[in-house]
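Each of the two complexes below includes chain A, the first together with chain B, the second together with chain C.
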Partner chain A sequence: MKYTSQSVALPYFIAAIGLFVGQIVFGLAMGLQYVVGDFLFPEIPFNVARMVHTNLLIVWLLFGFMGAAYYLIPEETETELYSPKLALLMFWIFLIAGAATILGYLFVDYNTLAEMTGNNILATMGREFLEQPLLTKIGIVIVALAFLFNISMTMLKGRKTVISIVMLLGLWGLAIFFLFSFYNPGNLVKDKFYWWWVVHLWVEGVWELIMAAMLAFVLIKVTGVDREVIEKWLYVIITLALVTGLIGTGHHYFWIGTPGYWQWWGSIFSALEPIPFFAMTVFAFNMVNRRRREHPNKAAVLWALGTGVMAFLGAGVWGFLHTLAPVNFYTHGSQITAAHGHMAFYGAYVLVVLTIISYAMPLLRGRAANSQRAQVVEMWSFWLMTISMVFITLFLTAAGILQVWLQRVSDTPMPFMQVQDQISLFYWMRLWAGVVFAVGLVTYVASFFVKGESKPLITP
Partner chain B sequence: MSGTFTKAMARNIFYGGTVFFFLLLVALTVDTTTNLHKSDNSANLTPQVVAGKHIWETRNCIGCHTLLGEGAYFAPELGNVYPRRGPEFIKAWIQSQPTGAPGRRQMPQFHLTDQELDDLVAFLKYTSEINAQKWPPNIEG
Partner chain C sequence: MARNSGPETTARRLPGDLAIWFFILAELLAFGVFFVVYAFTRANHVELFNAEQLTLDRTSGAINTVLLLTSSFFVVRAVQVAEAGFSRRAAPWLAAAFACGAGFVVVKIFEYAEKIGAGISLSSSTFYMFYLSLTFFHFMHVILGLVIIAAMWNGARTGRYGPGNMNGIETGAAYWHMVDLVWLILFPLIYVMR
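Our next item is the complex of A and B:
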């Protein structure tokens, strides 16, 4: 750690990991509800558990992104953070608002929560991933603006590197596109159309900028490859991401009441969306192969390479599988979608946040790298989580193919719930894979507490 | 990447490409918005339908069901539930939840009034008449 203000990243990373644990607890509960339907009913119905699962994911990734920005922006711009105090204040506001929202989901009836929090003044709730009460949404905007102010002011007084510019572009985009969550017209088609301006333009747009910038930062640090080379790659990757991803939004506009031409625009451009992810994989391996030094933090290198591979598989390959309109006609809204969602989020965003945490956390704790033993435990957690996620994805894909066949393709289509009974074996297998994932996560958390002789920090 | 392809070129292609394709997305969005009335069934978008959408949202139906294929995959697609089941069945079904059948997936009891049930059904009827390019493939959703 070169600048003392980078240390504000530490609470952000800790909160991210804590909320990640919460996300997986609810994921397991839902996995069980898929096969034992009345589990936890009526205390925690599936829709509540799902809201907690997905919202925790979004919030902890945002904690990860903000922590990453607070860590890498001072180092990139070669100046102290504009206001570490503001960063800490925003941390507590975001954490308390986030926790209050989750507790609200769990302990207050959703309709009552909506009435209590001003949903009748401006109705924004009850839409997938945007279930947050109006007050929480406003809170997110305030925290995001204060955060962006802090980061932008830091950058204005410091060196403007490509990594910091791309990171900042991505974060500004994140905040700007979130504003569409306040637009909820009575016309369902319009509602759905602009809902994707948040969801798609986040995960298949500006988040890719944030991800690529974070990955590039870690790769410079652990490989020692020339910045010029890495920054050129970074531009190429994000160009590919936005050129394909912007019009790629169209793959969500096939069957929601929008004009038919989106089937062409969406299919063609989203079919190209794997390319930036493939470029990212090649980039990560290429840089590690051309490394000019052996960084003592081997675990961070593993997470970085894992991000490249898993993002390509989850977002790229599993996305392509069902993105062409004639295929999507059958697979839309099936377990195939769930399979893709799981591996894409894990491969791209979970892994990139864990990559930067793996790199930065030892430095924040005053050492160059963790002890050998701690790194071995951390690498075990990588493999446990990654392999179990591959199996979760494979089981859901198998379930999805059967579901599509029985319910949509066959000459004698079966009703939804009858099909669900037929494919329950795969849901059981998914649940067991989920248990292994949870074991991997516990291992991950444990790796922070493994003692041993760590590499001392030598400031050059 | 060879020496002839410089970082400045990469940067210019990024900004140029992003601006171009973002403007293309905006242009397509404008065209979609102008022509949306042909497919979005807005002719039948009554205040009752809007009230029904509000019921749909404040009970977090999307947390279990899909609507035109979007949402959660725990419970049946409801974009075409109106032609599949009809208004009376839908209302009776909502009122009789949860079934309490051991081990089966359960839907909460929402204590909707008759008016709210009618609003919700109106919303589901309107939704089923949106031109979704012949999706879903069959009545089972």
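Our next item is the complex of A and C:
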């Protein structure tokens, strides 16, 4: 850690990990509800558990991105953060608002929650991923604006690098696209059209910029490769991401009442979306192969390489599987979508946040790298989580193929719930893979508490 | 892949910035996929495509082909002049290139106005969907190209380019030739080939 204000990243990272644990707890509960329908009913029904699972994911990734920005922007711009106090204040506001929202989901009936929080003034609730009460949404905007103000002011007074510009561009895009969560037109087609701009133009647009910037930052640090080379790669990756992703998001518009040309535009552009992810994989491996130093933090290198591979598989390959309109006609909203969602979020965004945490956390705790023992435990957690996620994805894919066949392709199509019974074996296997994932996560958390002789920090 | 960031000693060097070549390849790939999809779709609807193709304005397409090719030639001249060490003399060539590109835009706007006036939209038919999408994506590239040429013109005027500093002008030129190349496939494919 070169600048004292970078330490504000620490609470953000801790909160991110804490919420990650919460997300997985609800994931497991839901995994069980898939096969034991009345588990936890009526206290926590499936729809509530799902809402908590997905909302926690988004929120902890946002904590991770913000922590990453607070860590890397001072170092990149070579100046202290504009206002560490504002960053800490926003941390508490975001955490408390987030926790209150989740508690609201769990303990208040959703209708009552909507009435209590002014949904009758401006109706924004009730849409997938955008379930947050109006007050929470406004809170998110305030936190995001304060955060962007803080980061932008820091950049204005410091060195401007490609990494920090790309990061900032991505973060601004994130905030701007979130504003569409306030737009809730009565026309259902329009509503759906803009609904996709929030989370999905994030993940296949601006978040890719954030991800590329974070990955580039860590790779510069752990490989010592010239900044120039890494910046060229960044240019290439963000261009590819924006060229393919922005129109490629049209693959969500196939069947929601939009004009038919979206089937062509969405299919063609989204078919190219694996390319930026593949470029990121090649980038990560290429940089590590050309490394000029052996960084003591081996675990961080592993997470970075894992990000490259898993993002390409989950977002790129599993996305391509069902992105073409004629295929998607059958697979839309099936378990194949769930399979893609799981591996893409894990591979791209969970792993990139864990990469920067792995790199930055030891430094924030005053050492260059964790002890050998702690790193071994951390790497175990990487493999446990990654391999179990591969299995979750494979089981869901198998379930999805069977589902599509029984429900939509076969000459004698079966009703939805009957099909669900037929594929329950895969849901059981997914649940067990999820249990292994949880074990991996516990291992991950434990790795922070493993003692041992750590590499001392050599401050210049 | 990004290896040529060091001093360039080999005789065969890459003109322009490496990053623009990745960009160009990505663009060509995107257009390429679009062309292939067009070809396969046409094969399934030959009669529709042939009939509606006759409604396209081949004359304006031909004029535009000449304009783009001429524009590219002017850019080539600008690069040659700059490489010879006369950066300021490259500016008129770039201005001429810009004028041709702007001519393309004007002709295209008239063509679009005529089609829109006839009630043709992206939803009219599969053929018109391809015609409008492909020409419009290309049109947007021409506009971006004009912005780039304007920047190059400005650079040339202030004497920025020379034998030791060709990166900027070559990068822009490479992009402009790509726009040209795509049109050279697009025009026969959509307007002419039957």
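Keep this in mind: the second predicted complex is superposed on the first by the 460 of 460 C-alpha atoms of A that agree within 3 Å, B and C clash if a C-alpha of one lies under 4 Å from a C-alpha of the other, contacts with A are read in each partner's own complex, and residues count from 1 in each chain.
As a convention for this text, contacts are C-beta pairs under 8 Å (C-beta built on N, C-alpha and C of every residue); 3 or more make two chains touch, one makes a residue touch a chain.
Since this is a predicted model, take the numbers as computed values, not measurements.
*Asks:* Regarding the shared-chain residue A:N187, is it in contact with chain B (first), chain C (second), both, or neither?
*Replies:* first
*Asks:* What is the contact status of A:I275 with respect to chain B (first) and chain C (second): first, second, both, or neither?
*Replies:* Touch status of A:I275: second partner only.
*Asks:* Thinking of the overlay built on chain A, is A:D38 touched by chain B (first), by chain C (second), by both, or by neither?
*Replies:* Once the two structures are laid over each other on A, A:D38 reaches chain B alone.
*Asks:* Should A:D226 be classified as contacting the first partner (chain B), the second (chain C), both, or neither?
*Replies:* It touches chain C, and chain B stays clear.
*Asks:* Looking at the overlay, what does A:W265 touch: chain B (first), chain C (second), both, or neither?
*Replies:* Both chain B and chain C are touched by A:W265.
*Asks:* Spot which of chain B and chain C makes contact with more residues of chain A, would you?
*Replies:* Result: the larger residue contact count on chain A belongs to B.
*Asks:* Contacts for A:V236 in the overlay, against chain B (first) and chain C (second): which applies, first, second, both or neither?
*Replies:* Touch partners of A:V236: chain B and chain C.
*Asks:* Once the complexes are superposed, what residues of chain A are shared between the chain B interface and the chain C interface?
*Replies:* 228-229, 232-233, 235-236, 239, 243, 259-260, 265
*Asks:* In their shared complex, at which residues does chain A touch chain C?
*Replies:* Going by the criterion above, the answer is residues 226, 228-229, 232-233, 235-236, 239-240, 243-244, 259-261, 264-265, 267-269, 271-272, 275, 282, 286.
*Asks:* Please name which positions on chain A make contact with chain B in the complex.
*Replies:* That would be residues 33-34, 36-38, 41-42, 45-48, 50-51, 110-111, 114-115, 119, 123, 125-128, 131, 162, 184, 186-193, 228-229, 231-233, 235-236, 238-239, 242-243, 246-247, 249-250, 253-260, 262-263, 265, 329-330, 332-335, 337-338, 407-409, 413-417, 420 of chain A.
*Asks:* Using the touch rule from the top, collect the residues of chain C that touch chain A in their complex.
*Replies:* 1-2, 5, 18-19, 22-23, 26-27, 29-30, 33-34, 37, 122-123, 129-130, 133
*Asks:* Which of the residues in chain B come into contact with chain A in the complex?
*Replies:* Answer in residue numbers: 1, 5-7, 10-11, 13-14, 17-18, 21-22, 24-25, 28-29, 31-33, 35-36, 38-42, 45, 49-50, 53-54, 56-64, 66-77, 98, 100-108, 110, 123, 126-127, 130-133, 135-141.
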